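Working notes for the structure below.
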């Protein structure tokens, strides 16, 4: 049994029992990162010394009997969370020199819980992408490979670095953010569990903003239980975030054993898309059987506006992003390219600092908000968004949770799906609606495809009912018995 | 008698609307906890939120909301229980986020009305279109360095109330009166200090011209005018400019301009292309602002008496003319001083004395109502001495001057200098007799019809009595003895 | 809604991103592809539907008027690409 086989829950117990020390655990992970990160590029910035300092402090707390479930647990922090004194880039060149003088609330809570941060995980630039290839610091290699193939695959995105780190065992868990699927889809591509909580469940303070009405922080880990432990520490009301919900955080780990007996699980007809990979559909059917076998009632439901989700998302998210990214102007922080006057400086700084996908989205966002187009695009999209929310609200009158596939395919190759932006956007077709409605949704690894790549199933719940989401996900996890591991990993 | 400008082709009417930006009096800023106080070392009153750092989020200040509601109530305006914030997107060095959080579609205050008074006493209503809350920008300075501009964000994020008037203003005088009235109202309410020199109140002036009876023509906006005088000059200068354009066969182009006081004219602001495409959309980092009616009612109940109400009450309660009351309520402190003195006394007497000798002394000595030339108590005591006829008005003036100079109480001065009024009719009769005897030729002239000489006799008697004669008794005695 | 090159340039100007001639054409194609995709929203009947903004539907929370922040000029300026004493410096702006 290698130290890398321990989950967060298991490691926590061993640390508390003093069978291993936090320093040991962190040292092992630091070494693993040093060995494998140059290849996988899961981390943009590694902080091994800082991690050791944190580990030592964790050991002191354990010795003093003040340990919690995350004390001494080494994590990857998506490089979208501002970490005080540690470079934060959002995977963009425009923030290359940025060292935040403040800590995000979510990372502060994890640090307060005694977690150890191994480094800042790679991502799509400004969280815009589904493959991590838009990162200004290079793509991330998915530790999973197709059977008998050496081809590099993408880990999904935008939290691709977080996903690769956890699945290659370069971290015990990771934080991600999810705006349209950026936790769930990479989790599915790398055989991990990952949850996007209800909008407002976790604070957005200190997270580099992409689309304010959609962004949510969430955990990614090897299993559902580890996610629950992480979410316990990440969630909670924050007065510094006006969209933060004033709701008590239940102990999500208690939901894991609730089971699904008597729960009504909705199966939305509209997620059975024409042309969806039959393996994905087959896995979905299996998931339905698993839940039925454990006592759940299966209900056919309709979410009629599902197919418009992507169109709504690709108007609303870029619109908000175009405004959120206006602050990157070379004046107060970040990189600057000089110009003959202020406007020239802005234009050159932003042209040099932003990658092509970010530019595209800023331009689309600017356009759909501009004079004469606001009503036809942005306003219309926000109305259709309301219809999508209503679809869920109506469905949740009849069911307690909804089961769907997470992604329309398994991890694809680096260099594939590059024909045009829209092809890449279609990766988010199953994840986007839950983001638009603000409801919690989790991806659980459920099986492998014929090529040996992981596939995930998505569980969607009511607003602030992460507990049911965890209960159903745990039931699927139990039935699926997913135990496959990627070839490339720390051992 | 409306204001018209004469052009080559005839008379032109001027149409003006004012957008006033008033900094809200509060401890901290609208969406951040940094200090909103004026001054401070560069970039000291700045939080990460104000500086637009990544991941920073706005949290609204409840006092700024209350101040906006109070101001709305003072403008007799509709308070909108539902309002919402929007982002106004544009790039400028003093705008850290690249957008300003403002209210576009749903402002916190709706339509209202403000009464202004012109020089000739006419009263006119100017409509208020709306009032909304928004962030102030930082300050960029272009003269600190040869090739660079420098930016101080202390002001960035301070709460502003933007008060928009209907285009009801028709002359520079009306514009000045309106601006002064708004200033008076917000100072009374304590929601803004109205200090235009320091920039806590600024006006954007929208000007257009038209031939009487026409629809509105194109207007231009003159930005950031920071004094009442300049607003009035700018209106005239811009109106004349526009008239010239129209009369030369040209068309006024809608644009943003600046008023240059040294030249007395307006000029176009550079590179404002696309400046109008602000791409407003609802601020996603904030939720709608919902106010309870109870909250508004509670603020209304505690609102101080407003200038117009106070003015009318002074007329009724103290029996003073409308004009005089207007002078006294110009600012709250003066009105309060007046009332302290006038309570339980002759309101008219008090008002006359304040408008006259008191203000004169205040201006001469460079003092203020907060640090007055005589205290309210002493001033009141002086008026009491007049009312109970201890001294007459003439003597009182001397006593007042002495009070201003020495700070002594009036009773003390009267005693020290023996200035008590003489009401002894015997003494008065004697003095009158002596004067009439010494001026028999004038008496004859009076009796043959030269009525004006009456005043001469009275004056001579007063002189003989060193001013201390009771004027009414002196008058009576003179009348009696002249027959 | 198809974009032409002039519109692409205008949007780039509004967004303060410098685009050279070569990029304009690529962007035009890509942006048109995206706009083409989102056109399908035209099919949806939104009669009587209010626009949504944010998943959590609560009223704005207000904070007390107390100074709790600021006096951190060094931290505010620490990341400045160009600093002039305690100011941010930018190329000169002429009004």
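By written order: A, B and C. Residues from 1 in each chain.
In this section, a residue touches a chain if its C-beta (ideal position, glycine included) is under 8 Å from a C-beta of that chain, and two chains touch if they have at least 3 such contacts.
Bear in mind the structure is a predicted one, so any value in this text is a computation, not a measurement.
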Farthest-lying chain, centroid of Cα atoms versus that of chain C: B
Pair of chains joined by the greatest number of C-beta pairs in contact: A-C
Whole-Å gap separating chain A and chain C, where each centre is the average of the chain's CA atoms: 23
Separation of chain A from chain B, taking each centre as the mean of its C-alpha atoms, in whole Å: 58
Inter-centroid spacing, chain C versus chain B (mean Cα positions, whole Å): 41
Multi-partner residues of chain B (at least 2 other chains): 48, 51, 59-60, 91, 93, 149, 151, 277, 279, 284, 286-287
Residues of chain A touching at least two other chains: 98, 101-102, 212-213, 239, 242-243, 322, 326, 329, 331-333, 342-343, 346, 366, 370
Multi-partner residues of chain C (at least 2 other chains): 14, 16, 51, 53-54, 56, 58, 60-61, 63, 72, 75-76, 82, 88, 90-94
Interface residues, chain C side, partner chain B - complex: 10, 13-14, 16, 51, 53-54, 56-73, 75-77, 82, 84-95
Interface residues, chain B side, partner chain C - complex: 26-28, 32-35, 41-51, 59-65, 91, 93, 140-142, 144-153, 258, 269-270, 274, 277, 279, 282, 284, 286-290
Chain A partner contacts - residues on chain B that touch it in the complex: 48, 51-60, 87, 89, 91, 93, 96-99, 149, 151, 271, 276-277, 279-281, 284-287
Residue ranges of chain A touching chain C (in the complex, touch as defined): 97-99, 101-102, 198-200, 212-213, 239, 242-243, 245-246, 305, 307-308, 310-312, 314-315, 322, 326, 329-336, 338-348, 350-351, 354, 359-360, 362-364, 366-367, 370, 373, 376-377, 379-387, 389, 420-422, 425, 436-439, 463
Touching residues on chain A, where the partner in the complex is chain B: 81-82, 88, 90, 95, 98, 100-102, 104, 204-209, 211-213, 239-243, 319-320, 322-323, 325-327, 329, 331-333, 342-343, 346, 366, 369-371, 374, 378
